[in-house]
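Lettered A, B, C and D in written order, each chain numbered from 1.
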Amino acid sequence: MLILPGKQGILKVTLLIHCPDQSGIISSVTRFFHERGGNILYLDQHVDQEAGIFFMRLECDFEEKRPQLSHLKAEVQTHLQEKYQMEWELYEEGVKPRMAIFVSRYNHCLYDLLSRFRSGELEVEIPFIVSNHDTLQHIADQFEIPYHHIPVSREFKAAAEEKQLDLLNSHAIDFIVLARYMQIVTPRLIDAFPHRIINIHHSFLPAFAGAKPYHAAFERGVKIIGATSHYVTEELDAGPIIEQDVTAVSHVHTVKDFIAKGRDLEKIVLSRAVKLHIARKTMVYNNKTVIFS
Amino acid sequence: MLILPGKQGILKVTLLIHCPDQSGIISSVTRFFHERGGNILYLDQHVDQEAGIFFMRLECDFEEKRPQLSHLKAEVQTHLQEKYQMEWELYEEGVKPRMAIFVSRYNHCLYDLLSRFRSGELEVEIPFIVSNHDTLQHIADQFEIPYHHIPVSREFKAAAEEKQLDLLNSHAIDFIVLARYMQIVTPRLIDAFPHRIINIHHSFLPAFAGAKPYHAAFERGVKIIGATSHYVTEELDAGPIIEQDVTAVSHVHTVKDFIAKGRDLEKIVLSRAVKLHIARKTMVYNNKTVIFS
Amino acid sequence: MLILPGKQGILKVTLLIHCPDQSGIISSVTRFFHERGGNILYLDQHVDQEAGIFFMRLECDFEEKRPQLSHLKAEVQTHLQEKYQMEWELYEEGVKPRMAIFVSRYNHCLYDLLSRFRSGELEVEIPFIVSNHDTLQHIADQFEIPYHHIPVSREFKAAAEEKQLDLLNSHAIDFIVLARYMQIVTPRLIDAFPHRIINIHHSFLPAFAGAKPYHAAFERGVKIIGATSHYVTEELDAGPIIEQDVTAVSHVHTVKDFIAKGRDLEKIVLSRAVKLHIARKTMVYNNKTVIFS
Amino acid sequence: MLILPGKQGILKVTLLIHCPDQSGIISSVTRFFHERGGNILYLDQHVDQEAGIFFMRLECDFEEKRPQLSHLKAEVQTHLQEKYQMEWELYEEGVKPRMAIFVSRYNHCLYDLLSRFRSGELEVEIPFIVSNHDTLQHIADQFEIPYHHIPVSREFKAAAEEKQLDLLNSHAIDFIVLARYMQIVTPRLIDAFPHRIINIHHSFLPAFAGAKPYHAAFERGVKIIGATSHYVTEELDAGPIIEQDVTAVSHVHTVKDFIAKGRDLEKIVLSRAVKLHIARKTMVYNNKTVIFS
């Protein structure tokens, strides 16, 4: 992994927590960091009253004495995890996650992601692009990202999946972005990347799940169309929603117009989800997301 | 019917047309009015290329020589209808349509409609309100509109429908607004008012049709909720959509928050649909609407 | 004041804080409540990095031992205020703020506020309505709220203001809502209700401040119009913005259409601001607001 | 010019008209085309009642007998222009307009335009890009579009303008897109391309015209930010508005966040304006636009 140092040796971390709700958690966690010389820069919490679950996102830096990250993690485990039955993740700022992009034939999301990447807007590494077609090879070339053409046929689906997993593992990929990848992702891949595969669906889910949503929306005569980014789960187009947006349409618009308008939605909604994921602002539970500000 | 004269004796009409698309319609229709001394104030047309249907909305006034409305209608029939196999409606400006309101227990849409009515924003007559509960009687009283409490039980459903139809007929009602009326409207009523019953559904259709859409939306974890006004057809929540709008929600919102936010959407989206209908800006075909500007 | 008890004797409080940012505040505040048997239900904080100011909103209940509110306030002063140079407010849940409404001739915001009030959507007392016209007396009557007609002429402006202040004081009013009140509020009134007068301006501020914003927007040919609710300060239409919303317009819309579309924006945006204020979710600094979720 | 033939030899034209409003125009124009064998595919008209101006956009094809374009233009002049004092433009479908892009250092609008161009979404020719910096040369190279670096200093402003005009003329440019070009365009250039220079301004005009709009919006504490595309006129940021859009912000967002969110608005709003212009759906009068559907 590439480590980008922050200010001269300062450690800055992001902590994500969820656990059964109970009294005193915020107080305990903030005291934990305060006692270790940490300065809390940001804290947001959420309680799902119905489910009785507590969520927290906290950013903290250590200006004076810089703890070892491994030591800090051990202390979280000893002093917080056990007491509160916490599930937690602790990230060090400056460590860029490694993102793989899967595409098929549509190029607008790919162009958008790569443009943002090249502009420094996305703080990730992009070791490669995978596609079941060779159609977009030239864009990968244009942006100088390796492009792996792995055809997916019914017959060789398992072999294709194997190749994908090899690539993902050998490049230590952290998460996958399906940038209009028109194949159904297999359970094996989903299991390997739980809540770490982001898809963009070209409708306002749960309306028009499945194939050809713009055609279905046109047929139904809706006055607003949308796009939805979500984490992929085994049930098609039913995973936890990260971000949605919509745009107005009217009777003057054809299916072709829906598709053109939808392209803009898709690329914006996908990039917002990717940015939220990179910034560790998303948590998943009960097939829903908590999106921190 | 109450006739509000326009400018000193000037006849102003709105014509709505649909027919199989073919060459020369616009030219024929505009010439038709021009030759009769009409001045076209507004013309909007739409062609559904796929279905091969032509739609037009036209406003025209007659400043100099005022034709008889009945004579004008006869001429449309003779000179336009037959040639183009048109279906058409011709409305005289200043004739207020007569609107019945159906409610149950929720009051926000009723308050909103009656406030707009009293302010002169809705150019209609409202002869009465019907409800299956007596809960909102006081609001009807407050705004001095007759309120008919017609309970609807499974046992007496047919009798209730009979009473409703009697009221609707005896008051020469033109169209019905279901302002959060929580009963399923019967086919007999729908047949009596084809594409003239406007409902507000508290979701972004076709997502979350049926009961408890806010609960379903919360359960699914959507990031945007909506409301949809549509003409009632026999299939529940599946009629031609007139207007939709949405608002953002997040994990911090409970079902109760969804309901509160939704109330504002519902009343705005319903009132827009009612205003479009009153202004004769809606046409229905293939279970969709054309909404003229 | 009317006290609505919460759950059987449970004290629930909302604390709003702002102070110079420094390390350890969140930890100290949460420990403060934890040590007194409080259970933190909600915490949101914000740091304006540039201005170096820390903001917090915290909801806490005391299930087991119920402290005296006055005692709790004294302890906040002793243990928190001095150490951190805090400015703070502590509210007890169930105490409804007292809200006066000022109107002129437009009725849509008044209708909307009173309908919400009657429906139980606004947790306030509304002791009276003030107007410089008698135009809307009938609406006050309809909703059975006292209506004081206090004409405001150039000559008798000071006397009118005196009457307004008398009413506001004698009814122990907490905050004022200008529901399209078309008079400029005087510095004396503003000083008496600092950041406690909410206005709705019918434009997307800072565009089109001052008179006739819809005419100005039409003249400029904008494609979107808006409404803005803000706290009133001495500079006209320049106070801290609470809430804004917009709607699309086009060349087909006349000034009259802008006004009609704007009415819906105005009432929704005003009511959102009023609800945020009632829920103590707004804080003001540097002529801006922090709006907690 | 490159001519893309439509369906086998069929002539399809778009006519834009504006003239003083009077009775009979629509009838005359539609009859004109009908008599010449034209089939009207689309007609939209607008009357600015206040200004007394009539606008029309009409699409028409000639399936059977294909007229000469020059002959058709002559006939419009003879039979329509004189009678109605029309100003008009007649475009042949399939003739791609030639568009020059001006940029400075920001790359997001450039990436977006070039991606759309390469995807076939923009039906234009792009003979070259001009910039006052060499910063974005690599993007031009990536997309294989000639890039002319023409530095603009106070001293050599006139010379730079001369070079720009030479390029524009020698490549027969039809219109210019300022894709975040951070120089003020000179009157000479504006005169040479009247209502044919499209700019994107990073605010919701008329709010925050001029430099650093995001900083000004942050300072003011607005809750919504926007972007505006408009035709360039001599008065800075005051030309006819083509398209606007907005997005919500809150106190949690820094100026840097405003800028990041704004980038997405800017590129979408600019591309919509460019597409409307290319489709000949814009007309300008009284410093406003009519945007046809």
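Simple rule for what comes next: a residue touches a chain if its C-beta (ideal position, glycine included) is under 8 Å from a C-beta of that chain, and two chains touch if they have at least 3 such contacts.
Owing to the predicted nature of the structure, the values given are computational and were not obtained by experimental measurement.
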| item | value |
| --- | --- |
| Steps in the shortest chain-to-chain touch route ending at chain C and beginning at chain A | 1 |
| Centroid comparison with chain B (C-alpha atoms), farthest chain | A |
| Which of C-D and A-D has more C-beta contact pairs | C-D |
| Distance from chain D to chain A - Cα centre to Cα centre, in angstrom | 36 |
| Centre-to-centre distance between chain D and chain C (centres being mean Cα positions), rounded to whole Å | 43 |
| Numbers and ranges of chain D residues touching at least 2 other chains | 250, 252, 293 |
| Contact footprint of chain D on chain C as seen in their complex | 46, 48-50, 204-208, 220-224, 226, 240-246, 250-252, 254, 286-291 |
| Chain C-facing residues of chain B, complex | 107-108, 111-112, 115, 118-119, 121, 142-143, 250, 252, 260, 263-264, 268, 271, 293 |
| Contact footprint of chain D on chain B as seen in their complex | 23-24, 26-27, 30-31, 33-34, 39-45, 47, 248, 293 |
